[in-house]
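Lettered A, B, C and D in written order, each chain numbered from 1.
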Amino acid sequence: MPIGWTDEQDGGTYRLKERDDEALFGYQVGPHSWKKYLHPPRRRLWQAEMRDNHMVIVDDEPDYPRYAFFGVRSCELNAITIQDTVFTSGPYVDIGYRERRKQAFIVVVNCVEAGGTCFCASMNTGPQAEQGFDLALTELLDPNQHYFVVDIGSKAGAAIIKQVPHQQAQEQEHMAAQQAVAQAARQMGRTLDTRDIKMLLYNKYEHPRWDEVARRCLSCTNCTLVCPTCFCVSIEEQTDLNGQTAERWQRWDSCFTADFSYIHGGSVRSSASSRYRQWLTHKLASWIDQFGTSGCVGCGRCITWCPVGIDLTEEVRALRDGEPRIGVAIPTLDAV
Amino acid sequence: MKNIIKVDYLARVEGEGGLFIKMKDHAVSDVKLRIFEPPRFFEAFLRNRSFREVPDITARICGICPVAYQMSSVHAMEDACGVKVEGPLRELRRLLYCGEWIESHVLHFSMLHAPDFLGYPDAIAMAKDHPDVVKKMLQLKKIGNDIVTFVGGREIHPINICVGGFYRVPTRREMTRRLSESLKEARELAIEAAHWTASLPCPDFEQAYEYVSLQHPDEYPYNEGRLVSNQGLDIPISAFYDHITEEHMAHSTSLHSVLKARGSYHVGPLARYNLNFEKLTPLTQEVAHAIGLGATCHNPFKSIVVRSLETLYACDEALRIIDAYEMPERPAVEVQPRAGVGHGCTEAPRGVLYHRYKIDEQGTILDARIAPPTAQNQRTIEKDLHDFVTPRMDTPHEKLTWECEQVIRNYDPCISCSTHFLTLHIEHEETGSEV
Amino acid sequence: MSTAVVDPMRSVVYEVQRIRKETSDTFTLELHSTNGSNDFPFAAGQFNMLYVFGVGEIPISISGDPSKHRSLIHTTRAVGLVTGAMRQLKRGDSIGVRGPFGSHWPVEHATGYDVVIVAGGLGLAPVRPALYHILHHREKYGNVVLLYGSRTPNDILFRREVEKWRARLDVDVHVTVDRAIHPWRGNVGVVTRMIPKAPFDPLNTVAFICGPEIMMRFTVLELQKRGVTTDKIFISMERNMKCAVGFCGHCQWGPNFVCKDGPVFDYASVKHFFEKREI
Amino acid sequence: MATKRKPKLAVWKFASCDGCQLSLLDCEDELLAVTDAIEIANFPEASRTIIKGPYDLSLVEGSITTPHDAERIHQVRRSSKFLVTIGACATAGGIQSLRNFSDVNTYISTVYATPDYISSLQKSTPIADHVFVDFELRGCPLNKYQLVEVISAFLNSRRPNVPPYSVCVECKQRETPCIMVAKGIPCMGPVTQAGCGAICPSYNRGCYGCFGPSEMPNTPSLSIWFEHLGMNRTDLVRTFRGFNAYAEAFRKESEAHEKHY
């Protein structure tokens, strides 16, 4: 975004606004996350051809662009790390992802202001980036000085810094950076109480709140598509007209569509409430079982970009409110 | 000899129509161009809609020339609200129109009309023997579609047109990047098309028509001008219904438009060409002479050549617009509704397309009337059929039938856009009578 | 670092060697590799992603004998587009294979126990490899019981083989049908009805269940009634699957990915949501 | 391949603007490939040649508006092995189904001086109200790539990749920031089926619903949001009463707001 502009975010609204300082990074996360580069919306997996009635698999020439991501926020860096786990930590590896990721150069910008839908502080994913970057900048706008405090996170980062004019940061500049980031943490527009969140959700499979939120939810998929950690895809078959070649295309998918859970005879999750429940429970609970972390980094995109402003922090609060405050939740055996 | 020519289903025209000609005592006794396109009542359901909705709704009258409908309707609304759209926005509208002319004309002359001249049932069969021409023409058509898609959002029923202008306008860079090169190619292809269409064998058949088209002091007519004819008509578009009346015929067809003073008239490429030849670009005029057509032409079969020349003009004009384009500051002029009547008349590929709306102060439509070109030509087509068949009654039936179809296709009739066309009580002729 | 991991999404071309019609809508394909390396180790209960050129790719369990790596056997019911296209395949036609994927029936852990296999309909196919294994190592197990329910006598899968097992003295095979057709003289009724009388020692039994979810639900209840503990009950689940390696997200079921945590689950770990709707 | 008989294609027209069948001719790059793979047996808009049925694939454009057409569609069904309806008219009744909300006789007298000549049904209805339809391809107009996809899927007997999810998915695919969120412009995208490629939002205007309701259209929720964005009830009715006015979800929504006039 150009200098002099910022954004204002709330549930279902995002507005550009002028600002009257010189800040270069005076805005919060926008509509797109870095996901679209590392895990592109559409991608051909492979092709097959029919030659003399025999199928031949044709590999695509691998083409892995080298990316430098400039201005990655801490929440987003955490989201990248989460996707790393999804795609590269198990017995199977998404090779395309791994190759793009391996070459990515990441410059983080620590947030010194928080947006209306941000809650990374609750999720422990920001506003300060801890690791996994090549460089991390903190922008400081003193009345008499506009400068960046840079943390170097890798050799490649150090090599770059060598090439730009810089000076060793003073203790007091460090402090200023810390304070600015801490200030952002205090400003967060949203909070999410993550205490025992996994069991909270596992115990709420049958809560009336799901039906309430389903009355508002459009099943439009926006929340999943803007989310920097959501990774679900579908694979489509494409053929040419004379049936000689077929291509397998992977594209982003969403648990809010009917086809997503289709098995012969119908969708497993045919109601909007079950889809919202799947999404939220996956993000905040089952993700922990699957990958060892939360699936949410608190970037707030799903709140801002939900066309009707559904807010997961509010939903969690509502689910919690019905919950007795004491006692340990265990997996219910109350199943009929 | 068979004394009835009957085509149940006219092919290669847009929409559904049929033909019925009866001959008796070596004279043509009855000609009916039948339209059985079911009525869709646009003028009725436009009532109570918002004036801002017209470009989206009227586009759906015709999938072949939606831009024309959008243009006539937005002009009419702007007229009603007392707004004039000028400068680069006006130019963009012309550009959009260029795209539609190219796409629609090429579709017609290469895929629907040309096969008649060469004796093929369709362009696909023609492509077997003339693959190059067909491929080139498809390419040319595609460039027309590209313009519409680029300016309008998509080729059929563009989404980017609003009363007052557009929702989004392209930057100069986008424009040149996307269109310049391909349009230069299109211009070359259009020149080839002109030579090719001029080389097609063409029946001798000249008619004395009253041509009616828009006329503009500076430009070949698209979206503005006065309505003029070669027989003295010269009126502002708002006087359309003062001079033209629509007759609801019981026998066959539709609301036939006729000039109150003189009867049938001819709209479309031939009319525009004969009335505005000197407004064509120098290149177009030059090519017209090179292919031996000259400044006037009264043979409706030659409309195929005129369409190719108008295509060339559209390419040339589009290039001029692109070269001169500066991105307007705002994509649309602010339009506030006010009670009143507005008129819009533009030159659809098939000819004059006139709209008139009455709106109230909220912009709610109270009344709508639309006169599509094919309805205006219908009487003329029937007359052509009559005059064409009369001296050719001994032609073998098959051949004559095909030629009659060709006479109709000379007009590129677009039956779908016939908001006025009726369903008819089709009188089913006994097959037995076709001795 | 970047050891060339094979792309888990890429198919390998196999050739249809034999096609056997099992019932009116079910058929078994025997596949051979086209590159000569006819070795396909898998564990009982695992599945492959089978790809039909130009149509699509679907998960199908391996129904062959795990001790025989030489050919790859799948039994499929034609229910839709891909399975329908698969039924049209002829000897010599190509098919894409990825796999094997997923968890397996814990045949090793079941040694020393009675084993009761409860299968409904097509569910016999995914447990057949387990039965093969058990029969190959018959001495390691206690009682072995197969309870099989089918819609009608004509839908009985692997009919001749079932008869052969029935003839053995070391397996108890009981077959029931929902709807009898002449000349069926056997059991009629749902498969769960056979559980109370089946010869196994509930406290010392491992159960493998495979069939429609509703059938598995009631089977679990019956087994529990007899005293089989939930940690010894295993079920095989089906969910939509696009990748089979945990990337596509479609097969999630509670915290699990059916493709890698399943398809075979021990009931204890899933019981708290197994009964819930639309999970 | 060469030995196989080419499947026969027929294109039929009912009440419509011709735009959808024109899309086939607009497939400049694919047209010759299409005609290589499939025999155009009955397509009057393109050819004089009419080859007799039965047809392997019929594309049906337009809605049923006259008694004659209500009969004709049964003939078409009988002569078609696989019948695909194309476009909003054929799948939802089209823009002409606006008459369904009024009395058609007043419509007739509005337009025609001599109403007696007009024979028209009270309602404009989609093809599926009359005969069994194998596949519905939405859109006003349809998307030509989807049309080629349907033909291609038909030729390969696979499922067409024509997903029923919302336009929002395509918005994200083309990376258009949501205009409803970012600009407060009412947009039908969340309840409209994808297919167009999310054109309108990329041109700074809200989707107006060409592709009809998406698979789970929560129109009441969207209406509440539209009101929150400042839309009045008259415009709410108009918004849902467009090219797919008679598609159930949109029809119910517009009627719900009409009651409140």
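Please note the rule applied: a contact is a pair of C-beta atoms (placed from the backbone, for glycine too) under 8 Å apart; a residue touches a chain by one contact, two chains touch by 3 or more.
This is a predicted model, so every value here is computed, not measured.
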### Query
Farthest chain from subunit B, comparing Cα centres?
C
### Selected interface, A-C versus B-D, where C-beta contact pairs are more numerous
B-D
### Task
Take the average of all CA coordinates in subunit A, do the same for subunit B, and state the distance between these two points in whole angstrom.
52
### Message
Rounded to a whole Å, what is the gap between the Cα centroids of subunit B and subunit D?
### Response
25
### Message
I'd like the Å distance between the centres of subunit A and subunit C, where a centre is the mean of that chain's Cα atoms.
### Response
37
### Task
Determine the centre-to-centre distance between subunit B and subunit C, using the mean Cα coordinates as centres, and give it in whole Å.
65
### Query
What parts of subunit A, by residue number, touch at least two of the other chains?
237, 239, 243, 246, 259
### Query
subunit D: which residues touch two or more other chains?
156, 158
### Task
Go ahead and list every pair of chains that touch.
A-C, A-D, B-D, C-D
#### Entry: Residue numbers on subunit D that touch subunit A, as the complex places them
1, 30, 33-34, 36-38, 148-149, 151-153, 155-156, 158, 161, 163-166, 168-169, 172-173, 175, 177-178, 180-182, 184, 187, 189-191, 214-218, 220-222, 224-225
### Message
With touch defined as at the start, can you tell me which subunit A residues reach subunit C in the complex?
### Response
45-46, 48, 50, 53-57, 59, 86-87, 90-95, 98-99, 102, 202, 205-206, 231-235, 237, 239, 243, 246, 248, 250, 253, 255, 259-264, 268-271, 274, 277-278, 282, 285-286, 289-290, 331-333, 335-336
### Query
In their complex, what parts of subunit C are in touch with subunit D?
54-56, 81, 84-85
### Query
Mind pulling up the subunit D residues that touch subunit B in the complex?
13-23, 25-26, 28-29, 31-32, 35, 40, 44-50, 62, 65-66, 68-69, 94-96, 98-99, 102, 104, 106-108, 110-114, 117-120, 124, 140-141, 196, 199-200, 202-205, 208, 210, 235, 238, 242-243
### Task
Sort out for me which residues of subunit B touch subunit D in the complex.
9-16, 37-45, 47, 49-50, 53, 56-57, 60-64, 66, 103, 107, 111-112, 115, 121-125, 127, 134-135, 138-139, 141-142, 145, 153-157, 159-160, 162, 166-168, 246, 248, 250, 255, 331, 402, 405, 414, 416-417, 419-420, 422-425
